[in-house]
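You will see chain A twice below: alongside chain B first, and alongside chain C after that.
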Partner chain A sequence: MQRTSFVNRKIVFYLMLIVIAALIPQVVKSRYYMSVLNLAAVYLILAAGLNIYLGYTGMMGFTQVAFWGIGSYASALGMINLKMPFWTALPFAALFTGLIGFLLAIPSMRRLKRFYLSVTTIGFVEITRLILENWESLTKGADGLPGIPRPVLWGIRFNTPHKFYYISLFFVIVLTALSYIIKNSRVGLAMQAIREDELAAEVIGVNTFRYKVLAFTLSAVYGGVAGSLYAHFVGYISPNVYVFQEAVTVLCMVLIGGSGYVGGPIIGALLLTIVPEWLRFMNEYKALVYGAAVVVMAVYMPRGILGATETIRARIRQRFFGEKKASVYPGQ
Partner chain B sequence: MEYILETKGVTKRFGGLVAVDAVDFQVSRGEIRGLIGPNGSGKSTLLNLISGVYVPDEGDVYFNGEPITRLAPHRIAELGIARTFQNNRLFLNLSIQENVMVGQHCRTKSELSHALFRPRSAKTEMLQTKEKALACLDFVGLNRPPEFITAGLPHGERRLLEIARALATEPQVILLDEPATGMNPSEKERIVDVIRKIRDAGITVVIIEHNMPVVMGISDRVTVLNFGRKIAEGTPKEIQHNPDVIEAYLGEDDEEEGSDDAAQARES
Partner chain C sequence: MNTVLQLVFSGIAMGFVYALCALGIVLIYSSAGVVNFAQGSLVMLGAYIGVTFLTKAGLPVIWSVICSAIIMGFVGILFERIAYYPLRDQGTTIVIISTIGVSVFLNDGVYVLWGRAPLFFPPLLGGPPLELLGARIPPQNIAIAAITMALLLFQTVFFKRTWLGRKMRAVAQDQDTAALMGIKVPRMIDFTFAYSTILAAIAGIFAAPLFFVSPAIAQILSKAFASTVVGGFGSIPGAIIGGLCVGLTETFAAYYLSSAYRDAWAFLLLILFLLVRPQGIFGEIVAEKV
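Now for the complex of A and B:
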């Protein structure tokens, strides 16, 4: 009895968070800030995808930005050329990107380890950008694709940041829930075992190749969703959005938030999209502050914000949700 | 009679070094087999060849009469050969229960699609996995809260945890690579008890061990390797009086640890 009530409290807590998130457009009137939040959602989904690949499975990669680009173009072209409605274009983009990710993963996961793999993913980012730039008959090249239609649902056109926010929020919730389910499943445990010790995982019966391919493909699917949302939110895409630097930004979001934690990408993405807005007055020093923050984080909080606050959070969870006593965690 | 585990002429070279040289090695069902030899004699390499970590350059490995030479390690684990490592390879940031749960991976089936669309069956299986993990922890006598994060375990308990994780794969054969290294006498006793218990549960044990009292005390038969070749095989008593074995351990003056082992061997 006691336990059920605690479980309910946890659900109530998360529902409250969702309600608060849903009320934000009522409070924030500025279109500009709502745009920032929509972009934060795009980054959040990109980071959540990377988290499955980097945080759960422990592989390094920069492909997220390429998947973002592929997703954007797939969704935009699906709507413009194939006359798909948004609600078909988004799953189409997600599946198409997932397929590309899968095809890329098969040879790379078979052959490559550690930093050879990272370097390959950098190459993939460049190749994707070059294709988007040079396949002019399809992508209109460096000029970019203008006039991407807005989503329409039940007669409502989601043409303002305030309206679009609900679509973004919906996918953030769905994909975060998916991350949570994956992490706590048998498959997620196998992925984490690969992160901790790939050889040991393989030798005690985990098909490491299969789960690395799966993790990579899932991160591509997340990238595809993020790309689709971005394309239809901004309404204009061009190849120079999907550059290597953005991959580093997404990587920093995961690392600063806490890689391997379901909430890590949420904290990281919100922090790294909202805080820079407050630092606008010192625009020319932004990169400096940013770089310094990453260094400080890397030295003092190698497991990100959520990792550093693990003990405190465990105590809070125990107090409010009645979870089992905090695991004894050795200091970093 | 069919052996549960057999190698026929397996050879593994690393560059110019022949780490394992045409070794024929047979293990009968239900025995505890000791595998000894001076440092660098190829014991761990042989274990790696059996568990699929290395593929032999020549020769084949058979499990229950079936060749397993070129199977991926996870397939070999699935067939029923589990192992531990010389230097612990645990999942340090996972809890001790989760470590053992990973061992159950090859005996469970839930895919992501189950977790998403048939949550009830996935949940039932997860609960069974958790219970099984607790049973394995209990079997090796590791009494810690299951949520305990592995990185905090002392050395002796890490070795036990690795054995528990290997047992969770429900093996027919378990390969133990120096399980008693770095343990104090009471911990050694504990691990010997656990190994006997494993054998009594019907699991065949192959154990590499430098500690002579331990290996001579529990093995039914002992195989000795030197420079990658099998130089002797027999009961612990026969091995202790085998002149080739004594020479292998005493013959090299620069092999300090080896001569210690031989001294221990004669004492025991």
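Now for the complex of A and C:
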């Protein structure tokens, strides 16, 4: 009885969050702030993708930024060259990026050694950038690709940040829900078992190779969706958007929000896109701050804001209600 | 002019730079069991410190190298205390993340101290290029090769013959047993980080005249990783041979195939090795430890 009411309260809470998020364009009139929120949504999806393989599966890589780029170009070129409508171009970009992620995952995941993945992904980011810059007949090279069409649905052109926000919000909700479903499914449990102890997971019969490839492919699909949204929101893309620096930004978002939590990327992405708007004087040293933040978070709060609140809540419960020390979180 | 020989020599010079960076990664990996993603940024920091001694303080080349090596040794210990020591009992992923944090911090931090403009680093050895079998070899490339060889010889003697070196090797082999033998394991890991960072400093000073001194040097990291995997991860001779393989592959592919994709060849070599011979040239297939 108590349990069902608890679940209901949770659902009401999530629904309220969605309603509030949907009302934002009615309250915020500034085009600029709506643009910031749209970009936050792009980063949120990137971070949610990274969360699947960093947070759930415990692997480290930098590919989100490359998948973002591939997704952007696939979607933009699909619309410009193949005359796809946006609603075909976005799934096309997601599938194409997912396929590339799958093909990259196979050689990288063969070995147990986890850092091979991190190593190959650094190279992958570089190669992607080189291809985007040098394949001029397709990507127009370093000049970038201008004039990417806006999405149209039922005769509505989503050409302002206010309108586009609803598309962004829709994909944020769908992909966050997908993260939630994955995390609580068999697949997610297998991934988390790999994170805790890969060898033990293998011993109890988890096909670690398959789940690692799956986690990687899923993160690529998320990257593809984020890329497609970015391309059609900004309307212009160029290879120097998708730099290694952005991979660190996305990593920061996951770490600060709380890696392994469904809500982690949401908190991290919102914090790290909105707070820098207030602290614009330090924009020049953004990377410096991010770098320091990554180290501090890794050392003192490896499970991010959500992990820290969970620990604090458990401690309070333990002290004031005398509950037995519940499993706060299993060490990563 | 003998193009092939010319390319061989410049490939070897690049290869030695990669090898020094790769060696630092391998040494830290074998003693502390973590992969240092900040090694490229430490190479870059070494280059910046070297250029400061050389042009700002006006020291001769050899003293600049020695002074930067000493400073970088301390930087290495500081780096270990901040990014590795607090996390030594955690998983590898979190240590990788914290070294990435340090790397990003350093790559941007040099802007604060040295400004955004790339700095010019004069050639290590002046003088006219050497003529050998129709190839022209800049004296600097010979200096790089000679110093690296000397360093490797010193390192072999140091690890085989001195007590400190033997203790460091013991820690690399088995931390627990080493501790039972009365070796101060954290101290030895300090020394390993310090030595690896000194190697990074020397790699930085070698790389500096080949490029400009700028955070772009930090990208050497991906080449160094490729070298370690090609040579066999964890193997010291592997890091050196791997570095030379990557340097030569890159130089030849950039000349004969495509220079626009210069930075991609090392990575393709890496993928090839992961697919065909994941244990690398010198590696052996070992079961992962439980």
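Keep this in mind: the second predicted complex is superposed on the first by the 285 of 332 C-alpha atoms of A that agree within 3 Å, B and C clash if a C-alpha of one lies under 4 Å from a C-alpha of the other, contacts with A are read in each partner's own complex, and residues count from 1 in each chain.
Basically, contacts are C-beta pairs under 8 Å (C-beta built on N, C-alpha and C of every residue); 3 or more make two chains touch, one makes a residue touch a chain.
What you see is a predicted model, and the numbers here were worked out from it, not measured in a lab.
In the superposed model, A:N207 makes contact with chain B only, not with chain C.
Shared-chain residue A:Q192: touches chain B; no touch with chain C. By the touch criterion defined above, A:G155 lies against neither chain B nor chain C after alignment on the C-alpha atoms of chain A.
When both complexes are overlaid on chain A, the residue A:A287 reaches chain C alone and has no touch with chain B. Judged by the touch definition given at the top, the superposed model places A:G147 against neither chain B nor chain C.
Legend: residue contacts after superposition of the two complexes on their common chain; A:N134 is shown touching chain C, with no touch to chain B. After overlaying the two complexes on the shared chain, residue contacts for A:F124 are found with chain C alone; chain B is out of touch. Touching of chain A by both chain B and chain C, each in its own complex, is seen for residues 199. Within the complex formed with chain B, the residues of chain A that make contact are 178, 181-182, 185-187, 189-190, 192-193, 196-197, 199-209, 214, 260, 324-325, 327-330. Residues of chain A touching chain C in their complex: 54, 58-60, 107-108, 110-116, 118-120, 122-124, 126-127, 130, 133-134, 199, 245, 248, 251, 255, 285-288, 290-299, 302, 331-332. On the chain C side of its complex with chain A, the touching residues are 35, 37, 82-83, 86-87, 90-98, 100-109, 111-112, 219, 221-222, 225-226, 229, 233, 260-261, 263-264, 266-268, 270-271, 274-275, 278, 288, 290.
By the touch rule above, chain B contacts chain A in their complex via residues 51-53, 72-74, 77-78, 82-83, 85, 89-95, 98, 101-103, 105-108, 110-112, 114-116, 122, 125-126, 129, 145, 147-149, 151-152, 165-166, 168-169.
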